[in-house]
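Here chain A shows up in two complexes: once beside chain B, once beside chain C.
So, the complex of A and B:
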């Protein structure tokens, strides 16, 4: 397929986004460095709402149309103001987004990580292929997908009018990151390039700096990932930076509201981060009115502060009600109807437990799990066992961030600004404590015991906050340096030194050939093999439902096959990946085969296949255990599969399996 | 010197200009150096065979094919005469997907191969792999011709292995993606540093 046809949808998405951003800047007086973030979040929210309403496909056409019309009208009517579109932040966003679009279009990176297959990537593909939200897409998952939608709809926006591609999802995430960086540059002007360039360099390093703690020997997936953890942190920082820049100028304040609502729906745990951001914005607006007397306009300030909380709350509650209804419906139709305990309920009961008040049986039974998680988290935070960043464990990172707040306070030339910086430092520290409490509550009362025991994925949950917290401090440094700083030269030199040290450290830890800027084509060799096998199987199975076998799978291959074949359905196939065999041949418990072992007798296996209604079996990987257990069900005793002549067996009406002739890649 | 002082270009423009000129100068230097080395035979094109390598995790069969014995097959070449090595192009056909292929190098005799000194190939239109090594002395090479999946063996039919294949002059002047990034970022940072230094100087005066 010619590159230009593969990319026309991305070009259209850029044009639509530019139209909306131009409209916000020229007609609504939103600074051009801030309008990309506001536009991306607004579009994503609208598409999420349309998805909930079941009108995603028409809505995306409408969004494009509205963006084009608003943009064209604004650009024509305000053509004398075009200069306002060209600011350092805006140029940073558009130049980096365009460069990454071209780069990714040429390099075509693919999803490889587990959760990209088990949710993020697959949800993006389901949404694109069906034109409806992934929550209602026909797929063989027996559980209800209820994860938050905004990153998925963002990925959909970038490629809604064209062919699906993994790289376009990466591009959408990176555009969001660049929009946050642009917001952090905020109202920096061209003549302040000596501040803008180091700030941009620091921003570029941030996702590496707080997520990488070893010299990389494998590909670093920073800027090449569909996970939501880094974007969540960037949006937390970006939201506060956006607010600081909005408040700095004469323009409207409302653009922070869609960004707050968006941040509540990035991941399930980002609601807390959205509330933290809302709290910081509201406190700043309420407590430090600037030069006006405190009582003047108090009601309006209170109203806006309330709106800051209402925006994420409404988005979160709305999504919660939608997914609850879906889960109940799913349960009625035979699927799993369970959802995790509600975060708010967990928080109330967890705090009651800390205060020594009585709690229900569910929480009482998990008391030791909760306190053990608290103790383990503290250990990780304080000791080198918990090293998670390029400078060490959490306590060191906290020290760096607080030092940055102190630096901002030191260089700020106005008393009012110093008070604001102090309040941001204080409240963001309190939010950090609150976020940790939420993590502890999650490990205590939501996670399974074995997950809590090893603090599963603790690093990526906690570095989200560090990223956001650091960006908040950095944005304040930038703000302080732009307003008659007391230590002008020293402050600028400090930012430059910070950029230099961070770049040096990133270059030490992440080799160019193992980063987004120089990855090898071979990184995706395995995925390309899987895709070519899927294409070959799809060619001989005519869209029929497939029963999937991959002996030794831990679920990843099943998720990957589900993803690769879609819209062709790969059946849940017993337990969504694992090893089939007779009970008498059960592998050792300490092996992957043993851990994900599904014992079926020959008759039970045949009945299972029959019950799924699958017309074909896709034998991605069979072993001696499978052959010995079920070889009798296959007309050739699995000889063709063993000799590599086929991957597919046809299931006839009598339940016999016969090999299908095909080209095996 | 007095003429230089009269240049009124803004600092960023100056920095980007200097960096671009510096980049082109380095490219030209490499091109000239390679042309000279090629002329005096230090960068001669050479054809290699499996016999030139020490095989590890690989076994050569009677028909010449190489069969992998484990998951990490290696072909090691020690530079016998300190010749310059710039590129290696490998033609090979495989009985199964080769998965990751890469080339390690060392700059000193006795140095261990490490992840930090590894290059990945560019797949050519004819299916061959072309490795480009960084400038500097090369003491040894370790070609990892494939990365077989667990419990799988791959038969490799090695075609032409060409060292120091002549490259067009243009190839010396095309920056990599990473170099492009550096060419955008670092002049900007240099400009920021110079601007600060200038202001500090003005204040002092």
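So, the complex of A and C:
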């Protein structure tokens, strides 16, 4: 396939995005450094809403069309104002996005991480291939996919009119990151390059700086990941930076609303982050009216503050109602329904427990789990056992961020701005406490005991906040410096020093050959082999449902096969990946085989295959255990599979399995 | 004003360059001293010179005279004991799947264990091998981790200590040194300018 054809959809997406951003800038007076973030979030939200309504495919065409028309009209009518489109932030966004588009188109990285296969990547592919949301796509998962949709629809937007590619999903995520960086540069002008350049360098380092605590010995997935944790943090910071820039100049204030709504639907735990951002924006607007008397325009200010909360709340509630309905429907049809206790009840009971009030049995039984999680989290925060960033554990990161707030306060000079910075520091610190409380509640009452015991994925959850918090402080430093022209030299030296230190640390800890900028093609060799095997199997199975066997799987291979074959369906096959065998041959408990072991008798295995309605078995990996247990069901006793002549067996009407002739890659 | 700025920048960049070159010069002098003592010579370690950990020889269908091994877990190690002054180490290997992180740990004389403060990361040399730039270290032992994933089939063609290279390469900054050389003078220049103006009373103090 010619490269230019493969990228045609991305070029169209860039054109549509540019059209909408130009429209926002030229017609709605949104600064051109801010319009990419507002455009990306608006488009993603509209597509999510269309997905909920079941009209995603027509909606995406309509979105492209509207973007082109609005953009063309704005560019033509306001051609004398084109200069407004060219600001440091806007150039940063478009140049970085274009560079990454070209780079990724040439290198074509692939998904490799577990959750990319188990959700993020597969959801993106399901959405693209079916033209509807992943929530309703036909797939063999027995559970209902109810995760938040906005990153998925963003990934869909970039490639909606072309062929699906993993790298296009990465590109969409990175464009979102660059849009947040552009918002952070905000109203910086060309002549303030001494501020703009180091700020941009710091932004580039941020996703590395707060997520990497050791020298990379494996590929660093920063800027090369479909997980939602880093984007959540960047959008938290980007939202507040966007607000600061909106408030700083003439122009509308509403563009912060779609971004707030978007941030509520990035991941299930980002709703609280969206509320935190909304709270910061609302407090800033309500409590510090600037030069106007406090009472003047109070009602309007209250109205806007309420809207800041309403936007994420409406998005979150809307999605919640949609997924609840889906889950109930799924439960009725024999799948799994909602199983976790809901967050609000957990929060109420957790706070009651802290206050010493009586709580229900469920919560009482988990009292020690909750308090253990609290003390473990505190231990992680305070000691070097919890090192998670390039400068150390949480308390050190907090120190750095508070130091930045203090620096912003120092250089700000004006009393009004100092009060605002103080309020941001205070409220963002309170939000940090609140976010930690939410994490502790989750570990105490939602997670399984063994997950709580090892604080599963704690770093991933907490660094999201550090990233956002740091960007908020950095945006305030930028703002203060622009309003303190007499202290610019010292301030610029400070920002430059920060950039130097961060670049140095990133350079020390992230090897170029193990980062987005220099990864080897061989990183994806295993994935390419898997894909070629899937293609070979697909060629001889004619779209039929496949029963999947991979002895020793922990679920990853099953998820990967589900992903690679789609739209051909890989069956849930017993338990979605694992090891089949006779009970008498059960492997040791402490092995992967033993942990995910499915003890079926020969007859039960045959009945299972029969019940799934699969016409073929895809034997991705069989071992002696499998041959010994079920060899009798196969007409050749699995000889062809053993000799590497086939990966596929056909299931006939009598339930006998015979080898299918094929080229095994 | 502009002229002063340029002068300041020029002075600081010059100072940085001189400092860097001095550092390189000192390195070269130390290298010469150790060469004089016979510790800094070019030598190649073969499969017989090193010991292995978490590495198993691989001898199925391999051509005569070649050394192949396979790593048995995620922490394979090639170990060498000896007294040497090491500037640059080249690991000559061909690997059959991505090795991910390839590191060299070194032990200074008197140090008993390898630790993470004495480690250099390998840079691919373009032909399958890795180069470790130690910038001149007196070592009493080396440990090379040829991969970090395990199960990597590797053709081992030896380890070169102090592989010869053009002399000017000792004066090429590493990535981190490059960042410092580029940015530290800029930062200092801004501070200097602020300090000057503060002294002259043209800038407000921090309140």
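Here are a few things to note about the model shown:
The rule is short, and it goes like this: the second predicted complex is superposed on the first by the 662 of 665 C-alpha atoms of A that agree within 3 Å, B and C clash if a C-alpha of one lies under 4 Å from a C-alpha of the other, contacts with A are read in each partner's own complex, and residues count from 1 in each chain.
Keep in mind that, in the parts below, contacts are C-beta pairs under 8 Å (C-beta built on N, C-alpha and C of every residue); 3 or more make two chains touch, one makes a residue touch a chain.
Here the structure is a predicted model, which is why all the values come from computation and not from measurement.
After superposition on chain A, the partners chain B and chain C are seen to clash. In the superposition on chain A, contact of A:69 is made with neither chain B nor chain C.
In the superposed model, A:193 lies in contact with chain B only, and not with chain C. Once the two complexes are laid over each other on the shared chain, residue contacts for A:217 go to chain B and to chain C alike. Of the two partner chains, chain B is the only one that A:103 touches; chain C does not reach it. By the touch criterion defined above, A:525 reaches both chain B and chain C. Applying the stated contact rule after C-alpha superposition, one finds that A:517 touches chain B and leaves chain C untouched. Look at A:86: by the touch rule set out above, it reaches neither chain B nor chain C. Residue contacts after overlaying the shared chain place A:493 against chain B and chain C alike.
Annotation: chain C segment clashing with chain B after superposition, chosen from 56-64, 74-82 or 110-118, is 56-64. In the superposition on chain A, the residues of chain A contacted by chain B and by chain C overlap at 194, 215, 217, 489, 492-493, 496, 499-500, 503, 511-513, 520, 522-523, 525-526. Across the complex, chain A meets chain B through its residues 103, 193-195, 197-198, 200-201, 204, 215, 217, 489, 492-493, 496, 499-500, 503, 511-513, 515, 517-518, 520-523, 525-526, 529. Those residues of chain C whose C-beta lies close enough to touch chain A in the complex are 97-98, 100-101, 103, 116, 119, 121, 123-124, 148-149, 175-176, 179-180, 183-184, 186-188, 190-191, 193-194, 197, 203-204, 206-207.
Those residues of chain B that touch chain A in the shared complex are 12, 97-102, 115-116, 118-123, 176-178, 181, 185, 188-189, 191-193, 195-196, 199-200, 203. Chain contact summary for the complex, chain A toward chain C: residues 194, 215-219, 410-411, 413, 486-487, 489-490, 492-493, 496-497, 499-500, 503-504, 507-508, 511-514, 520, 522-523, 525-526.
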